[in-house]
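Once you've had a glance at the structure underneath, I'll fire off some questions.
The first chain written gets the first letter, and so on, giving A, B and C; residue counts start at 1 in each chain.
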Amino acid sequence: MSTSLFLVQMLNGLQLGVLLFLIAAGLTLVFGVMDFINLAHGVQYMIGAYLAAMFVGWTGNFWIGLALTLPAALMVGLVLERAVFRRLYGREHLDQILATFGLILFLNESVKVIWGAAPLSVPTPDLLSGNVRLVGGVLYPVYRLALIGAGLLVALGLAWLVNGTRVGMLVRAGASDAPMVAALGVDIRQLFARVAGFGAMLAGFAGALVAPIQSVEPGMGDNLLILAFVVIVIGGVGSVRGAFLGALIVGLVDVLGRAFGVPALKLVLSGSVASQAARSLAPMLIYIVMAGVLFWRPSGLFPAKS
Amino acid sequence: MDISVLRRAAAFAAGCLALSASAARADDGVKIGLIVTLSGPSAVLGGQVRDGFQLAVKTLGGKLGGLPAEVIVADDELKPDAAVTKVKGLLQRDNVNFVVGPIFSNVLQAIEKPVTESGVFLISPNAGSSNFAGKSCNPNFFVTSYQNDQVHEVLGKYAQTKGYKTAFVLEPNYQAGKDSLAGFKHDFKGEILEEAFTPLGQLDFSAELAKVATLKPEVFFTFMPGGMGINLVKQWKQAGLSEIPFLSAFTTDESTLPAEKDDAVGDLAGANWAPNMDNPQSKAFVAAYEAAYGFVPGTYAMQAYDAALLIDSAIKGAGGKLADHDALAAALKKADFVSLRGSFKFNNNNYPIQDFYLVKVAKRPDGKYQTEIVEKVFSDFGDDYAKDCQMK
Amino acid sequence: MSIFAPEAIRRSRAWGAPVLIVFAVLAVAPLVLRAGVDSYLLNLGARGLIFALAALALDYLMGQAGLVSFGHGAYLGLGAYSVAILAALGVDEIGVRLLVAIGVGALFALATGAISLRATGVYYIMSTLAFGQMLYFFAASLSAFGGDDGTTLDARGKLLGSAVLEDDRAFYAFALVLLILAYAVIDRLVGSRFGRVLAATRQNPLRAQAAGFEPFSYRLVACAISGAICAAAGVLLAEQAGFVSPAYQGWQRSGELLAMAILGGVGSLWGPIVGAVAYVILSEQLSTWTEHANMIFGPMLTLVALVGRGGLAGFFARMRRP
């Protein structure tokens, strides 16, 4: 096991973490501020990827396509908020689960009807294609480094937004005690709409970023949704900081566990037993970590509501 | 008693009656139940089978074996237990004479028994598990594709013939992936530097590709169907590994090439057919399929088309008597039709004996991508499990 | 925060009109529809009954204990794989299979509940999800049972030595009997002292504690009961399909169970039975009409959530009020 291989895996873990953060941030804000469980958040990620594929296909330019995807994803988020989410604030979580479950079914089928069942792809932009030679001589794609960079930038931007602006203050207050914020005269409906739209845009942005390196297909968001929920549980609902740390933890644990599980177990168990055990345990690892976090900190690492 | 209670009970009963109203009607044509995966990421494969089969029926004038044909399409949703219910619906509610499908081996595992035990013929245009080729072979079960291992054996043989000494193999961690590795190792006697298994659905291969770059094998072999394959091919290109020959099965085929585009050009694969195959019936099929559906057909569509031709020939061979089970079985076994791939006959286990080729991905002048035949690797190749099958 | 329409809640032991009608319709339907010996309708109906049993188990946990589980698919899997393992060991008797599955389900519920119950609200929900996913991946890694492909069962279990369950009519009847039995057991539990304390811990945990009842142990027992009954449903699922695979578990399946229970009306116990049967029949019927069934089915679920408070049972209860 060489250092360069380890470095590659660390970067992969970071990349997955950054992606999960973009998705989880919207999810945790919507949950924290509006107390709304949005199972359809994964499809918003998928829709972002499809929009990117469509716009890049039309314009032939990745950057223009990406720029067009953001407002489009925002629109989709706003429409969903107005049509469905708004009617469910204050209602039982179960009703929200059922409603957004129905949305998942509907939207997964809709993308198939609109764009066809065959997977789509987006070419990597020329500026970011090619590889970088890392320590140890291994090549790592430039695009993935750019993805990590973009995600970290967004994280910084979000941190500034949430902690340094008035809107961010309202969001934090809303996550802490929404009725009080409304009682203080803030237009809570507008705040909710903005949070939902912004969260959708973040998820869509993640989908667009991932499109050049992964295939765009129906249902691509479903498994990431579950990971995103794991992230916000580990990080603490309503907390962007928690989402960031939770996402990094999940990304690194998942990638490193899969990559080094077998060699690690081979140190203590015999060859084939180690392989089998590692292949069984590796996918479960993040859930084991989540269960562990819940055991010691039942409200996550950085809960917004204490 | 409450009116509302009565109303609700009535509504429920009405719903049930509506269900039973769609019961079978008597007619004198032939009914085919098509059960394939039409939802989720693999829906494109089910779509190709459905389209290929329906194209054949249309080309034959809406008839199979001279009888008017009705094709009922069902989606197994890649859920084996739901597939069992749907297949029973096809058998009992719709009274189909043949069931064509499925795409995936786990669905086949679930539906083979209900279909064959009811006396209806099951014809698989894709799934070809080893157990049904060997010990569990069945006179009511026919396959127009291949036994799963065979395609992988093509690439093992090619790698061995080319004299490669070291290989890196990448497989998804489920039964088909294990079968693929076994198939490759059947003929490849070089050293396999690593047998890497990735979890089903893993979409990010940078870790495994980094290992490839470090180990520097002479050849790379993989079986990564669907979205996984698309990601692998794209990431392979991005990782700058192009000096290493990329051999694959079901990874660069017409279902994934539209997404892989230039990234796949030059990659090698194994198949029993390619759209550029040089015989008149294949050329006509490719032209008709593209005209009708706008996509280049892959082996999935081809095998479905052949399944329709097979049924057509069998009904003719039985003189149109759908009720004569033995005559139909014998006629099916004879496989007396002109297959799109040229030579085709059944082995004793009802799996095909056919030629296999090395194919290469190429970009056509019209901008579409397809696989093209490079050389023949196996002639009249039967599978290894036939000897375990008790049928003659 | 309460999680259901108060009108629909089961308050006392009463076999009221709704329940009796539901069971009567379910019992009589196959005869009225002239379902044949090995009929597709019986197959579909049995599937409905099996999911009704699972939804009933889930509803008991949600309605009585106030705990929302997003991991109940795990119990379906435990029941199904118990059948696979016992069949491989040569154990044919369905009674034994059911007992083993019930035991395994209860044990799993106790073990995971001990951890999950330390969390509340959405954290509890996610914890159940985590355990469900863990079991799913574990089952997928069992290459002895076909891993992800699953494994077929040669024959259905025997009832007291006889292979009568191979007959789909008998199987349907057996499933119905189990459902009614489970309902009766749960009904008893709800009206018992245990049930009243459990309801108290749901309605006001602090006050229950002040009265000297520790919510944790009552909830844990409720988890075990719910898990055990759901595992029994898993046994039936495996027997009916003749096939066992990890696809029975996983969050999509758990989500469907939640949808069935919510559709029917959480807390009413009979509502989720109807909800499950309706869900199974409806999604099957829609898929025979169109390839894009989910474009209709999805919005239907969303609409029910938007409009109906307390699902079918809640709607019915409001209709009853003059």
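Just so we're on the same page, a residue touches a chain if its C-beta (ideal position, glycine included) is under 8 Å from a C-beta of that chain, and two chains touch if they have at least 3 such contacts.
Model, not experiment: these values are computed from the prediction.
The touch graph of the protein chains shown is complete. Distances between chain centres, each the mean of the C-alpha atoms, put B farthest from subunit C.
Centres computed as Cα averages put subunit B at a distance of 35 Å from subunit C. Subunit A and subunit C have CA centres that are 31 Å apart. Within subunit C, contacts with two or more other chains are made by residues 141, 143, 294.
Residues of subunit A in contact with two or more other chains: 109, 112, 279, 283. Among the residues of subunit B, those touching two or more other chains are numbered 38-39, 173.
Listing the residues of subunit A that touch subunit B in their complex gives 2, 4-5, 8-9, 11-12, 15-16, 109, 112, 116-121, 123-124, 129-131, 138-141, 143-144, 212-220, 223, 255, 258-259, 279, 282-283. Listed in rising order, the residues of subunit B touching subunit A in the complex are 38-41, 43-44, 47, 173, 197-199, 201-204, 206-207, 210-211, 213-214, 226-227, 230-231, 234-235, 238-240, 255-256, 258-261, 295. On subunit A, the positions that touch subunit C within their shared complex are 31, 37, 39, 84, 87-88, 92-110, 112-113, 222, 226, 229-230, 233, 237, 276, 279-280, 283-284, 287-288, 290-291, 294-295, 298-300.
The part of subunit C that touches subunit A in the complex is made up of residues 1-4, 62, 68, 115-116, 118-120, 122-123, 125-127, 129-131, 133-134, 137-138, 141, 143, 251-252, 255, 258-259, 262-263, 266, 292-295, 297-306, 309. Within the complex formed with subunit B, the residues of subunit C that make contact are 17-18, 21, 25, 29, 32-34, 36, 38-41, 43-44, 47, 140-141, 143, 146-152, 237, 240-243, 245, 247-248, 274, 281, 284-285, 287-288, 291, 294, 316, 319-320.
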